[in-house]
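These are the structures in question, set out in turn.
Common to both upcoming complexes is chain A, partnered first by chain B, then by chain C.
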Partner chain A sequence: MRQRSLIAITAALAAGALTLTACGSRDDKGGDSAAGGDTTVVIGVDAPLTGDLSALGLGIKNSVDLAAKQANEKKYVKGVTFKIEALDDQAQPSSGQQNATKLVADKNVLGVVGPLNSSVAESMQKVFDDAKLAQVSPANTAPALSQGPDWNGGTKKRPFNSYFRTSTTDAIQGPFAAQYLFNEAKKTKVFVIDDKKTYGAGLAATFKAEFTKLGGKVAGEDHVDPETKDFSSVVTKIKSSKADVVYYGGEYPAAGPLSKQIKKAGAKIPLVGGDGIYSADFIKLSGKEGEGDLATSVGAPIETLPSAKEFVENYKKAGYKEAFEAYGGYSYDAAWSIIEAVKKVVDDNGGKLPESKDARSKVIDALKSVSFEGVTGKVAFDEYGDTTNKQLTVYQYKGGAWAPVKSGTFSG
Partner chain B sequence: MSGVGPVEPGEYTYAVEPAARPPRRARRGKWAQLAVRHRRFAIVAVTASAVAAGSVSLWGTRPRPDPGPWPAQAVSVSYGGAVPGAGRTGGALRFSLGIRVDAGPPVTVESIRQPSPALGLTASPNPPVTVKNGSSRTVVIVVAVRDCKRAPRNAGLPFLDVTLRNARAKQDQSFILGDRYARDLARVVADYCERPPRLS
Partner chain C sequence: MNELPQQLVNGLLLGSMYGLVAIGYTMVYGIVQLINFAHGEIFMTGGFGALTVWLILPGGTTMWVALPLMIIGAIIVATTIAVGAERFAYRPLRGGPRLAPLITAIGLSLALQQAVWAWYPGAKSSRTFPEIPGGPFHIGDVTIQTGDIFLLIAAPISMAVLGYFVMKTRTGRGMQATAQDPDTAKLMGINTDRIIVVAFALGAAFAAIGAVAYGLKYGEVQFRMGFLLGLKAFTAAVLGGIGNIYGAMIGGLVLGVAETMAAAYVSEIPGMQQLGGQSWANAWAFVLLILVLLFRPQGLLGERVADRA
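And now, the complex of A and B:
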């Protein structure tokens, strides 16, 4: 009996030791859950991993990590193991540019997912394009990034061949919000605020243009510093303007407190914004006063996409500490588009990856023709590098959470 | 108690063989007092309940066929341009709307609306219109100006609201038809609402 016990204990200890050894080797490989092959391909990630916008940034990083792990588990690209290299841009253009330079210098990086902010993307695009390194943003919505500065004047021209995105643009998001507010919510007087950043100012401009074309009036306009949390001066202006809605072009760290202060000052009017405020952190920051506020965000509601349900389950199973947030599905799809492109390059080259520089430009070419069913629907890119899947949804803060109220598809 | 004995008995812990089992005593509980036929009835009832519960559980967890995509994910709607001959006269834009289903079960278009109260919409054929997977239907839409005062001037992204239904769900979806539709609609509104007043 003692001998049998000893054998059992020894076996259990041996199994435990083997398990720990296996865990250790996975960690050494940067979190890859299974080796796909001998060649390592790095997918760079650039996002705000610290600071006010880190909730969105960490959701991006984790979702790219999940895509890489699943590609490795499935041995999706024969002979290739994917790793991620995630860099923190702190939502600062200068940090983004430094990160771009660093990623370009690593010859194993064949594609980059990110960034979150359009202003950061502006500083990275040329660095990537000069190195012929593909960049797929899951979150940039400023139209000029893909369609050139004169996109609204009727001359669309793609400035950078290496830039792609899986999110739709503010050229659709702002006007869709305007149509909803004017025609359905019956709002006629808006106070427009933005944070003077590329994303916020651009979004507010597309909203305002459509709202006035529809017959709505602008009761007032102002800018805020997103770093401040005291909005008393703009709140006074909003209250005296008699506006029936506030439109905010910017992100949740400022939008949440702004909404709270507007309502606490006695102006019981909703604050409306774009995907930059569609975050669980907006709910926390605006508190119960934010109930009734609205946000548009890219894509269809997750419950209407079976592929998204699978993503949510896999994300949960993977055990990430942070939520995938607004751009998780788009980040997974952005990473998977790079994986698909790498697969095509390898397949077209007799099952081997070409030399780094050649491989990078071939990945860009392959991205132009990728087409697959992703988390967010069909993933493919048009002649500007924009997603062909142009869906968006109006959400309302109801009962402590965001709830979808209207979805649209751009089919023009 | 200060001493701690062995955690489990060793091979020579017991000096003698364990005592023989005492004889079973007759049951004295309520169960034993029940008449045989009552006990049989109870056994049958419990077994039947267990079988029924098992069946319900199996039925609930049976593999079900995939109900397919939500209707808005299966349908594409496109602006086909002004219908030749009918044109954009009298404050109305008449145009063709292509509806295509590319996945899942048939999709029924239950209604087509546009959101502005200053415009009216009619469709021919009048919904409901059902479209099967892999096929398309064309619907002719007429959007007419009702109220020039409130009609949208030069809207950048006008859309149509469409109610769709398939085996999976019923769903309202807005379809933004793009620049051509926006331009054609704006021209009709401008031609009709900004024309010079007629001299009598």
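And now, the complex of A and C:
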């Protein structure tokens, strides 16, 4: 009796599963035909959609979604409907690589926007390059990703042909912060901390080099584990080092509590970081103690750019639950650069998309010569795949929000 | 400025928190020989329980009124989940292979994390936790935050209450008997099932107090806060001698101080710069654990060797 009921249940489950898969495939076909015979081009998105960094990641996803929707609405590329496929990498290199493999396997994917983290990008680059699939990151700032591991020694070499980014690198961001702090904020003794990740350690190193070159002193250095929230031993060291500013290479989940703990311990000095802490969540996490902290971020403040007005408006209109955050504009531009590239490939091929394998490498070629007015200014890539836009802005945490203090381009 | 006193206080504070959570590991292990890996998540739910109470309370409630209510809320949530886990996840497996409840515990840990992540509003990133107003206190070179005061008071009181309970009350003595020999304890008329539930509930209650202390100290709670802290607390329990409640507290303090000292001073030893700093604190904590286990496998105050999982 027992045996028989077990068989019955298994049979029922199997039948159910079959029905479900059948439904699935029917739905897929339905979707295709609804688009009116259009070819579907998928733009992959890889970002941390859950976990500590999800605020930034969801902003990226929504912005890419907006770009795809607008391209469809305007029928920007004739005969092509854009769709996005967003995967969550939880800021983990291993998940990023799995996602990259997944995206490569989907023949409709012709370009990927992401990831957020430089360390995740490292794990994905080769997968994409092998498959000749274009990757445009809106947020990676580690210079080695596009200029090779010896970028600092003078021999720049592009390691992966498929890698592009719309954000400025730390080779510019760190020194920019150093110049601002030394020349304009008149800070001379800095305590440098990083989280040992690709992004954080690289940023802190470029900052330190420029700051000491200018004549500033490094009062102390430490590395933290961003997974813990107890920074008391570091905070005690900072306090006794008598530094007048703290530079943190890393992201807001650790930077927020760190800033709060520094000030609570009685060291009333600002914490300064890169675009990784330029988030509304930093303000939430550092609380009122964080007032006066500084962050540099890539580009000019989006809200003030005339080219960005339309983006901000459309983003609002689309009714996304999450804010577009620090990388919204860059993600939109990254997605749009892929759309532009697809358009060029389609136009060159007599209005039709070539075979998937061909199309992918053609998109990479097209990206090299892409040039358009984007949300963040002119979007184009140099010989390393880096953005030609070298604008940066210093923001200060003032009255419960980030306020732009100074915009500029970094020169040598 | 001499850093040492401040670093010692930092370590003791961190260690007290480890100790509060470690009690849950050690009590459950002492009685059912189960390493309850979900305990870190029970700690985390306690934190969210306290936060929920704070959110329900009308805005402007002073901490003096809110804090006791938040502690009660945290304890209710954490013990409910712990007792539920015991009843529905561990009890059906009692008497089965030892590995089964262990794997269940790991699964439960993931399930609780994801449940909070998915269903608690705004828990997908850190949620800010209320803080006790009032400036820091200075004693010589040492600065103590208002949030830390709670921990300084709560940890010793909890320990004293637990010591009294285990030594002096009927249920406490029943727990000791069950820990020594569950079968004989049963023959002597002790309701061992009830004793086990009490052990889970007590462990959860202390973890909940630890979670409130965590929230007050760091000003935030998040769904992953129990993972690393649970691991550390488990280390503390093993360090102090798993199965021994005083060992848990001592283990916690030793671990906290060792970690902080390592983070603060290892980099100053010539040739060790690379291995110093806060990012190596965890590594040093586990080096300490290995050393203690090598020379004293039963732990600092240990009663028995953890030979069964």
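By our rule, the second predicted complex is superposed on the first by the 370 of 412 C-alpha atoms of A that agree within 3 Å, B and C clash if a C-alpha of one lies under 4 Å from a C-alpha of the other, contacts with A are read in each partner's own complex, and residues count from 1 in each chain.
Heads up, the rule we're going with is that a residue touches a chain if its C-beta (ideal position, glycine included) is under 8 Å from a C-beta of that chain, and two chains touch if they have at least 3 such contacts.
Because the structure is a prediction, the values reported are computed rather than measured.
Visitor: After the superposition on A, what does A:F231 contact: first (chain B), second (chain C), both or neither?
Guide: The answer is second: A:F231 touches chain C but not chain B.
Visitor: Name the contact category of A:K260: first (chain B only), second (chain C only), both, or neither.
Guide: Second partner only.
Visitor: One more residue to check, A:A55. First (chain B), second (chain C), both or neither?
Guide: The second partner, chain C, only.
Visitor: Regarding the shared-chain residue A:L214, is it in contact with chain B (first), chain C (second), both, or neither?
Guide: Touch partner of A:L214: chain B, not chain C.
Visitor: Which partner, once the models are overlaid, touches more of chain A's residues, chain C or chain B?
Guide: C
Visitor: Pick one for A:G287: touches chain B only (first), chain C only (second), both, or neither.
Guide: After superposition on chain A, A:G287 lies in contact with chain C alone.
Visitor: Which residues would you name on chain A as touching chain B in one complex and chain C in the other?
Guide: None.
Visitor: Mind pulling up the chain B residues that touch chain A in the complex?
Guide: 10-11, 69-70, 72-73, 76-79, 115-117, 150, 152-159, 169, 171-181
Visitor: Taking the touch rule as given, give the residues of chain A at its contact with chain B in the complex, in rising order.
Guide: Against chain B, the touching part of chain A is residues 1-2, 172, 175-176, 179, 183-184, 209-210, 213-215, 300, 304-306, 377, 390, 406-412.
Visitor: Which residues of chain C touch chain A once you look at their complex with the stated criterion?
Guide: Contact set of chain C toward chain A: 1, 3, 6-7, 10-11, 13-14, 117, 124-126, 128, 131, 136, 138, 143, 145, 217-220, 222, 224-225, 228, 260, 263-264, 267, 277-282.
Visitor: If we count contacts the way the header does, which residues on chain A are in touch with chain C in the complex?
Guide: Listed in rising order, the residues of chain A that touch chain C are 50-52, 54-55, 195-196, 222-225, 227-234, 236-237, 239-240, 253, 256-257, 260-261, 264-266, 281, 284-285, 287.
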